[in-house]
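Next come two complexes, and both contain chain A; in the first it sits with chain B, in the second with chain C.
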Partner chain A sequence: MTPSGSARTRRLPRNSGGAGGLGSAQRLIPGLGLVPFALYVLIFLLIPTVLALTTGFFNRSGAFTWDNVAALVDPTVLSTFGNSLWISLLTAALGALIGAVICYALLSFSPTSRLRASVEAISSVLAQFGGVMLAFAFIATIGVQGLLTVLLKDVFGFALYPGEIWLYQMPGLILPYLYFQIPLMVLTFMPALSGLKPAWTEANATLGGTSWTFWRRVGIPVLAPAFAGGFLLLFANSFSAYATAAALISQGSQIVPLQIRTALISETVLGRENLAGALALGMIVIMIVLMLGYSALQARTARWQK
Partner chain B sequence: MSDPTPTTQRSGVSVRFRAVTKEYGAQRALNGLDLDIQPGEFVALLGPSGCGKTTALRSLAGLETVTSGELLIDGEDVTRVPVNRRDLGMVFQSYSLFPNLNVIENVEFGLRTRKVPAAERTARAQEMLDRVGLGDFAERFAHQLSGGQQQRVALARALVTRPRVLLLDEPLSALDAKVRTQLRDEIRRIQLDLGITTVFVTHDQEEALAVADRIAVMNSGKIDQIGTPEELYRRPETGFVANFIGQSTLLTALVHEGRIALLGREIDLTDPLPEGALARVRVRPENLALESFEHGEGEPGAVVTTSFLGSLRRTTVHLDSGLSIVVQHSAEDTPEVESRVRVRLLQDVVTAHVD
Partner chain C sequence: MSAVKTLGSARKVRASHSLAPRRPFAVIVLVVFGLLFALPLIAMVEFSLRTTTGHGLEHWTGLFDPANEFRYRPLFGGLVESLTLALIAIAIVILVLLPTTLLVRLRFPKLVRVLEFITVIPIAIPAIALVVGLAPVFGASIRILGSGTLVLGLIYGVLVLPFAARALDASIRAVDVPTLVEAARSLGASWPRIFLRILLPVLRRGIVAAAFISIAVVLGEYTIASLLNRQNLQVAIVGISRSDPYVAVIFSLLALAFVTALLAVIGRIATPKRKVFDV
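Entry: the complex of A and B
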């Protein structure tokens, strides 16, 4: 290398170092744009979480106590957690499966086809359509005096509610929850499914594989992380859902978010104060366990993922 | 370079397309395609995009159902045999390695579907990886390999099952120039080693000329001409083939007493043409010479562009007759743009067509 060439090489790190110094200052200014959001998250998410968690360990007078946390094993609280868990697991599992099947069906249409674009657009709206509006939609359609309930009874003589009115009880949450769970799965899973290359199925076939060989050895393993991620999102979505249940469930606080409300507005539940914080802690623990399971799966697949 | 080993050597089988037609709605991708491929032969299907070459290959693979006609492999009619029972190896343009399986698992894939015992499977996969020069990459995943390496693995995966025919669907198109040439030559070496009948689809004439025993130039779903690279290059039978293979300039001249006047010379014809007919002749750059304007022979013109190609140079000359012509000459000669030159034909005999 010529002397001028080596001089140029030697200068390079200093130049790039200088540019780097300038770059970090330059990066800082646009970074300031994040400040309002960071403050928002701090004030309305981090601080309340810490408060919720810590209040669980103190009584009203501020003294440390295990009472609230101990109440988590109270039969009533345990059954509430049990309810929250099964409704969330069930609607997440059904939502993930049905959503995945819809994605698979959509795959046979081109990404620019009107049907696929419409389903994706509708999904993005419906995935956010929870809460009181959704509860009202169900009450108006299949409530005791709902349009469909009356129609079925008058025209076909079919009673939607021969016995109990299940819509206003725990099982009644399944249909409304699926209403937003399935579209959410379609939104999150479609990109992963579209990422399956047609050449993989063709390579499988030319190598003597059947459709089942492909799914067992390639399709399912490749999609598993995205499917598990979607399932986890659906679980969290349903586990933390409050308004839909609050508007539908007529009596009692059968799921944890409702129990937290009760604990917040009535200070004498089970004779313990600050139970809401302990309940929130319980929810966070469950989410952490699931997230750990998910990251274990991620770690298994990380070796072949970019 | 590895020697052919008896364990994987297999004499090739014949492949036959008989009046194969493939329609997509109103569009005809294959239009009564007839093609006979000899056992162990390496045939390139060459043509512009949309000529039907990929459809022909995919039909042979069973990835497309033909509308009519017959496909025969080793004399057996496979037209209705599903793709996974045709016993063919295929390499795709897009890297088609399974991302969740490492290199050796990818190569073993076809052996697993054939229920080959584990020990034999691994041994055969490893042997094939050695053959493509990736013996030390068995544990890697696709994303840890370059494009060229991925295609080598895909080649090993396609060959390890000892398929009857190897199908290559533009396997080099996504690679950069240097890797492309390297892998091209390696594919040919391995194909000769194994003696496997191979069908290679490409739009790159240089690729086809370099590796194929015979080239089938396709146009509108049919074969325009099939022949050895030399035959196609030296004696193109149609204007399409002449235009597609190599660079050439179309010249026209009136036939007079069995000869034609080209670039200031009287030239003989290989095949006689009627008196007074307008003969069309394709002249290749290497059959022309650039001469000095003052002292040389040939038709005068002015230099438009000149490009350096290593050992030689190609210069475009705008002839005074109004035609532009490309001349290939030694890189030592460096004509200046806009300078006056003469272009001379080096051939004494040409093949002319009347359209």
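Entry: the complex of A and C
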């Protein structure tokens, strides 16, 4: 503490140039250093966020209106939100379950093993592998001329697309989304699972518990918040994903992000001018609820990870 | 003999108490999912090698054939644009985020939580929702700054904030920055000298990690660029995919390989073998 004090007093005369107002000058000058970041974040993050939240309340001439926000309960918009929530729920649930099973399988190997290190490294790459490139990966795999489509047809005589080509519609999003959801779950859930202490299983065994009692009474209750937190993170992840869907589904607005695209590109949607703003508001509200839930569950998870 | 016996019984105890699943189950799960996850990557490689008669390098070599230069110009233009955008985002990270993080840690510890909160916002606000508010800011900023690339780069600086801040934060926590700064100050070093000669070298791992993750994020960005009508790499890939899906797949593969390499380097420098200190 003393060195810092002496360093500051040594600096003071140079900085403030006078005897008066030493304390405020001492805070003011470093405070100025915060200005560039504050301005930057204000212009490129906070103002856009506020605009995204509020444009829905105004019409094109700038007058206040409930019209756009009221459109959130329009059957078309409601069904888009329904689709978005459905696909997020499905891919988050499957992703969380499969991710947890992979984590459980990894427990069979030592935490310091090369295998676990590489599975974690691969997961961190694949969890980032979203967007347009992912869409092309799946077009190359299960597109009309995709490797798997052709193999299934030639070798097993199985037609992947007996009727419609579902890859370019809503169901086509499920597999690509799982491709980044499962690795994300592995990344989030693995620390919690490896945090289960061997002492707990020993205590359980000493008290005459079976492996089943351990999971039912200790393992699952301790892991539940981490699992639920991972699920929420996955849910938010696919709820906010846009690029993969945009590259696969070139027309239509089956999910909310695609409806925002339509609303931004065309002048009016459902006869409303600023529908994109209302949709963004709806998305952000849902995201905030998800993230609050996630951070609450994270706090509960951290309790066992000391 | 007794040692063997103890080992044997220890193993038995471990087996009955252990959380771990049986090894064959674990191996089957990992092999099955390993293959499923490898399939799309294999399919991309196979797809890119297809020719009218069979398989070959036609599409790969065609990429650099001068005869196709006009066709692929948007693609290489998009690549250059994305790399420029990444540089601008990195400049923001090093020139704005890094000094601010250090300043907050050293002089305004009460603001640490505020800074953390601000840097996570871009995760909570989906890009597709943020772009609704960015469109007017983008228009106004271009009128002032004159360059769309510059403004989009500044926007990307915001997108990389959560990742870059985490990388910088980890390396700042790993060393005792306040003590280093106090030592330097008491020896009479000026602030620019401290920043350039002490903090930058000591924090270089964090800075490199932040820069690499920024490149990875910017190279993969499609949402904002496409809706603001900017031609970056991903927008160009989608553009060419209608007429030449092979080249779209090749560029996706290359981008993925490059990002994997970047993340591998981050993973390697994140676990230092020597102490961060010995500069």
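Keep in mind that, in the parts below, the second predicted complex is superposed on the first by the 242 of 306 C-alpha atoms of A that agree within 3 Å, B and C clash if a C-alpha of one lies under 4 Å from a C-alpha of the other, contacts with A are read in each partner's own complex, and residues count from 1 in each chain.
Heads up, the rule we're going with is that contacts are C-beta pairs under 8 Å (C-beta built on N, C-alpha and C of every residue); 3 or more make two chains touch, one makes a residue touch a chain.
Here the structure is a predicted model, which means the values were calculated and not measured.
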Check: What is the contact status of A:Ala280 with respect to chain B (first) and chain C (second): first, second, both, or neither?
Finding: second
Next item on the list: Using the touch definition from the top, say if A:Trp304 reaches chain B (first), chain C (second), both or neither.
Entry: first
Item checked: Touched partner set for A:Thr188, first chain B, second chain C, both or neither -> neither
Next item on the list: Using the superposition on chain A described above, determine whether A:Glu202 touches chain B (first), chain C (second), both, or neither.
Entry: both
Next item on the list: Using the touch definition from the top, say if A:Arg217 reaches chain B (first), chain C (second), both or neither.
Entry: first
Notebook entry, point to check: Can A:Asn83 be said to touch chain B (first), chain C (second), both, or neither?
Noted result: neither
Check: So, A:Gln128: does it touch chain B (first), chain C (second), both, or neither?
Finding: second
Next item on the list: Check the contacts made with chain A and report whether chain B or chain C touches more of its residues.
Entry: C
Next item on the list: List the residues of chain A that touch chain B in one complex and chain C in the other.
Entry: 202, 204-205
Next item on the list: Sort out for me which residues of chain A touch chain B in the complex.
Entry: 197, 199-200, 202-210, 213, 217-218, 221-222, 301, 303-306
Margin query: So in the complex, the part of chain C that touches chain A is made up of which residues?
Written below: 16-23, 25-27, 29-30, 33, 37, 39-44, 46-48, 92, 96-97, 99-100, 103-104, 107-108, 111, 118, 121-137, 141, 154-155, 157-158, 161, 178, 182-183, 185-186, 216, 220-223, 226-227, 234, 237-238, 241, 245, 248-249, 252, 255-256, 259-260, 263-264, 267
Note to self: Under the stated contact criterion, what part of chain A meets chain C in this complex?
What the structure shows: 3-4, 6-7, 10-11, 27, 30-31, 33-34, 36-37, 40-41, 43-45, 47-53, 55, 98, 101-102, 104-109, 115, 119, 121-122, 124-126, 128-133, 136-141, 145-148, 179, 182-183, 196, 198, 201-202, 204-205, 211, 214, 219, 239-240, 242-243, 246-247, 257, 260-261, 264-265, 276-277, 279-280, 283-284, 287-288, 291
Notebook entry, point to check: chain A touches which residues of chain B in the complex?
Noted result: 61-63, 82-90, 92, 94-102, 109-110, 112-114, 141-143, 154, 157-158, 161, 167
